[in-house]
Amino acid sequence: MTTTDTPLEPWQWPEEQWRGIVGHVRAGRSYRPASWPGGKRCAVALSFDSDHETNELREGGKSIGRLSWGQYGNRVGVPRILKLLARYDVKATFYVPAVAALLYEDEQRRVVAEGHEIGIHGWIHELNSVLPYEAERDLMFRSTDTLERITGVRPVGLRTPSWDFSPSTLKIETELGLQYDSSLMADEDCYELMLDGQGTGIVELPVEWVRDDAVYFMMHRMQSLRPYTPPADVLDIFRRDFDAAYEDGGIFQLTMHPHIITQRSRIWLLEELIRHAKSKDVWFATHAEVAAYAKANAV
Amino acid sequence: MTTTDTPLEPWQWPEEQWRGIVGHVRAGRSYRPASWPGGKRCAVALSFDSDHETNELREGGKSIGRLSWGQYGNRVGVPRILKLLARYDVKATFYVPAVAALLYEDEQRRVVAEGHEIGIHGWIHELNSVLPYEAERDLMFRSTDTLERITGVRPVGLRTPSWDFSPSTLKIETELGLQYDSSLMADEDCYELMLDGQGTGIVELPVEWVRDDAVYFMMHRMQSLRPYTPPADVLDIFRRDFDAAYEDGGIFQLTMHPHIITQRSRIWLLEELIRHAKSKDVWFATHAEVAAYAKANAV
Amino acid sequence: MTTTDTPLEPWQWPEEQWRGIVGHVRAGRSYRPASWPGGKRCAVALSFDSDHETNELREGGKSIGRLSWGQYGNRVGVPRILKLLARYDVKATFYVPAVAALLYEDEQRRVVAEGHEIGIHGWIHELNSVLPYEAERDLMFRSTDTLERITGVRPVGLRTPSWDFSPSTLKIETELGLQYDSSLMADEDCYELMLDGQGTGIVELPVEWVRDDAVYFMMHRMQSLRPYTPPADVLDIFRRDFDAAYEDGGIFQLTMHPHIITQRSRIWLLEELIRHAKSKDVWFATHAEVAAYAKANAV
Amino acid sequence: MTTTDTPLEPWQWPEEQWRGIVGHVRAGRSYRPASWPGGKRCAVALSFDSDHETNELREGGKSIGRLSWGQYGNRVGVPRILKLLARYDVKATFYVPAVAALLYEDEQRRVVAEGHEIGIHGWIHELNSVLPYEAERDLMFRSTDTLERITGVRPVGLRTPSWDFSPSTLKIETELGLQYDSSLMADEDCYELMLDGQGTGIVELPVEWVRDDAVYFMMHRMQSLRPYTPPADVLDIFRRDFDAAYEDGGIFQLTMHPHIITQRSRIWLLEELIRHAKSKDVWFATHAEVAAYAKANAV
């Protein structure tokens, strides 16, 4: 191959280039247990990304209307979620950017006091893939320390903001000594994350856009995003996903956002979903618990 | 932190910067009454943004097709709304840009004569956040004076066009001596607007995209916006929001647009919603009435 | 007002500027008849925009896939429509860009031979609003002559391509001596088009995006347009529009596209709609017939 | 026509220019058989585009999250599809970019071993229309050779990546000696592809966006694409298409993607569709089989 000054187009890439890109971060062995604790048939892992004002701060913080959504998340959203989880005695995981945690320290302490997990979600919901390694590492360590200082518990898992996993993210996760990540989509079961072909021991608890409330309900005036899908249909999608996960003996994992799912026209669907799952033989658990159990009991 | 010539990225901001942005305009104390006038359980606040031709004028007025939507709003839309409101004896609030009011002075007088409220909605539906303070202030004062001159009633509330609340908007609202604003989303109940940590006494009657007809039904050929959500599903969303507000003893607030909601395939959903609400123990009122009552009777 | 070198923003415009824009093309008197021919209660005006390959030619003709949609329109679409219209003995109007008519001359002759109307739809589906007056005028006259030469009938009405009505369009329509236009949206009933405050005698038979199949079903890979709305819901929208038009004694007008509405998963909804309308007391007619009757019998 | 330095706008094109563009690649004679093998009434041609990581590699391979979708396609998607097809004894066609085949050679061998067809789908899912002829030709030949080397079977058909058919594609298909293409949309029945007015003998087995799962379900964070249409409604669309194809004695052709259709909330709709089709008098076959039969038995 001749060296040129202009970058090659993907269709011109030599094999080592595309193999290198594909092989950098990879799903390795499956961490799938024969059954879940107490012989339960299915694990249910609910999560809430408490982004609050960082949703707008990360874009420069220019819209006061969108900032008010952040306060709604703290004022209405998280309390409504905690009340619902308590009513059904369900534990869940909250991923909180450090800046959101600093704005609402009491909220984080209440979340932990009620038995839920708090995981890392970046500093100010920044996109990792545009950061140099040093900056991403620094923000990630500071975020972890900040959450620990506020809640008294050191986080063991990371959800990258916007599921934007950079080429450095996995290396930083190993440096931080994390137990799990929840940002990627290579499987429905947990799996080991591989870095350039080497196992890291870090568990991936996979997410999927199809199981994210923002996908159907997000509104962004300037980005042509609209909440076009009716809530009843979103419930149908989530319920079908749960039913198939249950049939399969797997994990039903869900990502939600306080200012989105708690709207009065939507919160009922989460309650309906929890009631439906509770009528079956399932184990509700935090993402950390699911990841740890899956790894320890993989068959 | 070293001073640089290039602006910092949000993830580089010092704490005082993001705290300053978040704390500038803020929800303060809740204005939530124990019950509504006459012991009613729920307040219903319907609003219509009579933008008419300003919807296109604000973008330069180049599309004659979109301008014809404006005339439809006056010729078909507002009369159809007034007829429906009269049939069910319901009062509502119309937010009208000054230019739209000047184009259709009789319409505004009829709206007021039939007992409805007219609120401020900018001069020509401009985006406040791109204006200097002086321009925004001048337009807001002129808009208020214009509405008063036409209708004989001085408006007491503002809905920012496109809910685009600038860093100067709240200060100007205090200078105008307004009683309430209806552009922000930090709660479902009314609350006091705080400016840099100080109470202003101005009531926010919160809006939400989820309760706006344009979100589901707006068509813009050049912006990839399409009315993808079926009207029957929009009714389901609105009805669920109302039912939960009723259950909660709160406010059901709705934002509509004359040229959107009065289409023959949609107006039925507003009638159905009004009939549904009227079958319950509710108080229909203008935004000004709801805001005033909420503030005076907050518990 | 001081003269400046930079154009004024809309919120800086003097009153004569926005009044001039709004008043240039305008709905005047209503052309609403007391009833329809034979005492029928409602007029049904179906239309099909036979754009065929001009849909892609107008954008430079680069996509062979999108060009093949054009041939589908001729090969499958129009014959399927004609067969359906014949089965129910319904007349309709086809708007055909001159280039599409030149590509498929036999199709146009068959459409006319089967009793339908052909109207003007531009030369190559160009956007009028970016053309200088001379070019728009030349294309419009040539398009009219071309359609007349092919079909033997001189068109009497125009639908602007993409409903893109330029500041010159109405003047050119008067120069062409047209009887009606069907591109604007200021009412649900027919009305007289006013040019700078003067009546033109040209009838507008109004369209609306809500009654256009492309709005719900168009796919454009590069423009984020997707056919997100299910056909059964589109039928519900159209049927509600018809039912209200019937109740109101007005016009049910519909815009469709051969390569969109005739897909096997969609054509049934048009048949269903026709059957529904035929079960009522309605008058199916071409746009030219509806416009002429409305004008002649306006009350 | 005067020669100018700036390119002409489409509305300025001389007739030979637009006729040349339209006539370059064209549907010729219809290849429609009187009935299908064994006298079956309808042919069912299911296809899966196994793009895997090329979906992101072709855009530069920057998103690790989107790359993980590729691995999901291999790890979960294709096995789930093969299991479903085996359960119902249905043969289908998989279109595989060469790079995806090289990443997952075993997958391709299993697909072929289970009786399915593998067709060409570009090298790295490149857009053909931006390539010079030589590059497109080289990639197409190398892709064909690669698939043959891996599977032992030389492909006889091509689906252009993203259905992006370049002005050179058909010529290259003749040079490759292909039997059929499946990228264009000029009919519902098979037809002969014409190159500049000359028959090529190559069969087109038409696709349509309306019968593509990605249209309704694709998620792309940066392109405003969201899976807004509920799976139950997508099933309704596909079933109506099948029912009409069956009624018509034609072909029901469907395009799907392993990482999209196999999501737990969606795979049921494919099973439902297969069960529905199997309850009728249909012939399930690969695209190659359908194309060959249609050509040989055209009436």
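Going in written order, the chains are labelled A, B, C and D, and every chain counts its residues from 1.
Everything below uses one rule, namely that a residue touches a chain if its C-beta (ideal position, glycine included) is under 8 Å from a C-beta of that chain, and two chains touch if they have at least 3 such contacts.
Just so it is clear, the structure is predicted and the values come from calculations on it, not from any experiment.
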Cα superposition of chain A on its sequence copy chain B - rotation in ° rounded to nearest 5: 90
Residue-number overlap at the chain B/chain C interface, same or different (half cut): different
Computed distance of Cα centres, chain D from chain A, in Å: 34
Where chain B and chain D are represented by their mean Cα positions, the distance between them in whole Å: 48
Residue list for chain D, restricted to those that touch at least two other chains: 224, 228-230, 233
Chain-chain contacts as defined at top: A-B, A-D, B-C, C-D
Chain D contact footprint on chain C (complex, rising order): 53, 57-65, 67-72, 75-76, 99, 102-103, 123-124, 126, 131, 135, 139, 217, 219, 221, 224, 226-233, 263-268
Interfacial residue positions of chain C with respect to chain B in the complex: 9-11, 13, 15, 18-19, 21-22, 24-27, 129, 162-167, 169, 183-188, 208-210, 215-216, 223-225, 228-230, 233, 236-238, 240-241, 244-245, 248
